[in-house]
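Some structures are shown below for you to check.
In what follows, chain A forms one complex with chain B and a second complex with chain C.
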Partner chain A sequence: MRKMAMLEVKDLKVSYGAIQAVQGVSFRLDKGEIVALIGSNGAGKSTILRTISGLERAKGGSILFEGEELVRLKAHKIVERGIAHVPEGRRVFPGLTVTENLRMGANLLRDKAKITESLGKVFDIFPRLKERERQQAGTLSGGEQQMLALGRALMTEGKLLMLDEPSMGLAPIIVEEIFEVIKRINAMGTSILLIEQNAFLALNTASRAYVLETGKITMEGDSKALLDDDRVKAAYLGA
Partner chain B sequence: MKGKKWIKAVYPAAVVALIYLLVTALRGVGIMNGYYNQVLMFAGINIMMTASLNLVNGFTGQFCIGHAGFMSLGAYGAAVVTSMLFKNTDSVFVFLLGLVAGGFAAMIAGMLIGLPSLKLKGDYLAIVTLAFGEIVRALLRLVKPIGGARGMIGIPGYANLGWILFFMALTLFLLRNLIHSPFGRAFIAIRDNEVAADAMGINTTKYKMTSFCIAAFIAGVAGGLYAHVISFIQPDNFSFTKSADFLVYLYAGGSGSLTGSVVGATLLTILPEFLRFLADWRLAVYAVILVLVMLYRSEGLCGGLELPFMRIRRQELYEEPLFGKKTKGKGEQA
Partner chain C sequence: MTYFFQYLIYGLQLGSVYALLALGYTMVYGIVGMINFAHGDFLMIGALGTYFIAQAFESFQVGSAYPMLIIGLIILIAMVGTGAIASGVEAIAYRPLRNKPRMIALITAVGVSMFLENFPRALPFIGPNPRSFPTLFQAKNLDLFGATITTTQLVMIVLAVVTMVVLYLVVNRTKIGSQMRAVSMDKDAASLMGININKVISITFFIGGALAAVSGICYASAYPQVDVYMGSWLGNMSFVSAVLGGIGDIRGAMLGGFILGIAQIFATAINSTFGYAVGFIILIVILLVKPAGIMGRLVVEKV
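== the complex of A and B ==
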């Protein structure tokens, strides 16, 4: 028998009114892995993440995190379980300073020493944020805001980090930097569930991947294998 | 450094005390008459209303458009205590008890309508509070023991400028410290991005309720003061027009700025009185002035700005907090 997955999604169904955005999706993520969900616009990738973190309600199916059912839990309870979500489009709090944004991420931690420690860790990973410590988050550049959103998610000290389109709207050089950091965070022991439209980038970062089309998983497997797959190449890599 | 901190803490209170002394002195030499005095009292009450509305609309990013409903509950609650329950006792404590009762009446109503509507994201609060204001008005007209549509008369005139300035200063002091506490940080996070706040593990419903109930309580106290200034209240005093007035004060002054609430409420309370010499043109000129404000200062007169003593510099927040416990690393009590 395989060991228990960290995150196991079974037959997940989510609808917006009459539209079924996710139609019975199943996938798993083991501890320490980077798993990517790739697919075009409207395939239901973000919906899946939003459902895992409790921002959407599932119509059916189950989401097991370390053996515990998440489907009926509220968003803030799910964060307590150790899942950090970086929502699409760099949703920082523009009215708060960089440090305050990071502290918002730690709002479930009680231990002061622990918060200071995580803060140090985040500043270590993103020295750029340290420089801008006291600046209002709304005045940061796009790349810096993405770093802040990532850093804020790290502050929750979660075991699983879910990233929704971290490359969106960023210059290629910044994207490269962000993905380097993602790999580093993974190497430090955090499992990562990654959503990306840029399939090439995602497949090069992740160890395994699932291909999503209009709410269903059509392909899955080792990312190296998917990179060589003709159908994936034709549909997502533009080859 | 110690002395500077002390001055910073006492400075706002000194300003308020100075206003009071100045007005008293002016009344003594006859420049200030009862009418001016009453306008100032209304300005103080309106500042309390606007600042509390600011907590919900400006800092927590919700949209309450029935704030006069809470004011009326507070006014009636306080008036019932002072002119019915303790009719024959003439004491400051009765007055204070009335104000607190009014505040709680408004806060309980806020809880009741907040619970269903603040669990949702979006504009539901606006719809519910709009209806709430009108329902309260309609219901109060039906309750015979408190005068029905005729209203309550003969409420003792306990409130004077001193009391109003005191409660106004207290409100601003509490709101300022609240906004710079971990609670305030959570409010601003919800305003800036509710989804992200949710994803960060902030119990958004809880914080929205907290902000809304505090605002309702302050509005109730302000209503209680109002009742004891004009000593006659009727349900139609607190119509939607009144709620709209507070919204105008808030947005003309600048939402998300306590200084803005003070400036907006003060100027726009005094302005229509000042314009009385224009007779029929008064409201037209008032409207034109508002349009000009919106054209040239679309964020409100003080949008994004705070006077030094209305602000705790966020940069200093983690090094040397001025009031209360250290916020450093405290985190939200989830």
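== the complex of A and C ==
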């Protein structure tokens, strides 16, 4: 018998007006895994993450996190349950400094010593942020903003980290750096749900992956197997 | 020269009313990006409410004024009550429209304003007739460079400045303040930090309403007549103040309020009709010359 999944999405449906962005998607993520959702622009990947976080309302289906139904919960309650979400386009608070942004991530933590400790941990992972502590987030480079968005999500002390296109708009060398960190975060015990347009990168990072096309899952399996799959190669790996 | 100081005092007095009211406009705009055209009516609710609360406390009256403790209590009840009504208005009228185009919220605000003015007007125990506002403070006259300043005026001006400083510190130094700033910058990102944005917006309206009540008490202490329409004109002038100072900026609202108050009094001294026009002349000039307002900056965001 399979043990209970950390995150189990069943037959999820989401619409924007008349447009069905997500049409009955099911997938699961076990504790400690990195799972990737890959697919082209407009396949519904971001919508799925936004719905798990409570930023969008599901039309149907269920989202179980550690056995608890999330579909009716408000976004701030879902963060409390232990899901951290780095949204598309990073969405750092431009007018706040790097430290203020990170402290905002610790919004739910009461213990001051714990916040300082988490802050130290994030600065250990991203020394670049430490250097820019007092700088306004809006003036950071794209890569630094991505690091800040990741750091801010880590400050929420979530058990599951959802990343929406962490490589978008970044130089290859920065992307490599960010993905090294993602693997490190996972090794430290945080489960990761990753969305990527760059399928090669995603499949090399994740243990399992789901392929999404216009709101439906068309393929799923081990990343290694998908990397060798001819259809995936043709559609997403440019082979 | 004596006249100059006397007008300046009147200007600062009127300015403190505008400033307190402008703070509410600016905070609500900052956090939900809408102009709450019903905000001036919160001033009326505060002033009219104070009239009734003061009546209820009539037995405590000493001579023609109230003891300090009772004044404090009256003001506190008025602030909490008006704040609660402001939060209620947000929850009932504005929250359901938050993700709709801005024009819809704007029109709703105009509707709410009409309701807040005409509903009490229709109530038999309030009605359309102006009432004379009770004397809360027993004012003493003080001499300042040959001009006269009353203790009431002094209290009002100091109160307005202190309120602004406190509000500025709350927004910039406290947890709820940093949550407000986060919500004003990016609501989605704020909720992903575990911030309950509905609660933060409610609190913002509450604070705005409470300040409007103080502003109404200040105004009615200086011009002791209250009626259900008193908020609309004062609201417009305070809105101009907020735009003048740079809408969304707390210091700007304060500065704009005092500038407009002083300008209006000096203009009235020249010609009484001109006094009312000066606010709109200032508005037109600021929109042409520096549309972001005195303290406002056009924010550059990287995406």
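What we mean here is this: the second predicted complex is superposed on the first by the 239 of 239 C-alpha atoms of A that agree within 3 Å, B and C clash if a C-alpha of one lies under 4 Å from a C-alpha of the other, contacts with A are read in each partner's own complex, and residues count from 1 in each chain.
Basically, a residue touches a chain if its C-beta (ideal position, glycine included) is under 8 Å from a C-beta of that chain, and two chains touch if they have at least 3 such contacts.
Only a predicted model underlies this, so the values are computations on that prediction, with no experimental measurement involved.
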(Q) For the combined arrangement obtained by superposing on chain A, do chain B and chain C clash, or do they fit? (A) clash
Q. When the two structures are overlaid on chain A, which partner does A:76 contact: first (chain B), second (chain C), both, or neither?
A. both
Q.
For A:99, using the defined touch cut-off, is the partner it touches chain B, chain C, both, or neither? Pick first, second, both or neither.
A. first
Q: Name the contact category of A:142: first (chain B only), second (chain C only), both, or neither.
A: second
Q. Touch check for A:85: first (chain B), second (chain C), both, or neither?
A. both
Q.
Looking at A:134, would you say it contacts chain B, chain C, both, or neither? Reply first, second, both or neither.
A. first
Q.
Let me test your reading of the model: by the given contact rule, A:117 touches which partner, first (chain B), second (chain C), both or neither?
A. neither
Q) Which residues form the common part of the chain A surface touched by chain B and by chain C? A) 53-55, 74-76, 79-80, 84-85, 87, 91-96, 100, 103-105, 107-108, 152-153, 156
(Q) Applying the document's contact rule, which stretches of chain B touch chain A when the two form their complex? (A) 182, 185-186, 188-189, 191-193, 195-204, 256, 314-315, 317-318, 328-332, 334
Q | Residues of chain A that touch chain C when the two form their complex | A | 53-55, 74-76, 79-80, 84-85, 87, 89, 91-96, 100, 103-105, 107-108, 138-140, 142, 145, 152-153, 156
Q. Which bits of chain C are touching chain A when the two form their complex?
A. 175, 178-179, 181-182, 185-186, 188-197, 299-303
Q.
Residue numbers of chain A touching chain B in their complex, please.
A. 53-55, 74-76, 79-80, 84-87, 91-97, 99-100, 103-110, 112, 115-116, 134, 149, 152-153, 156
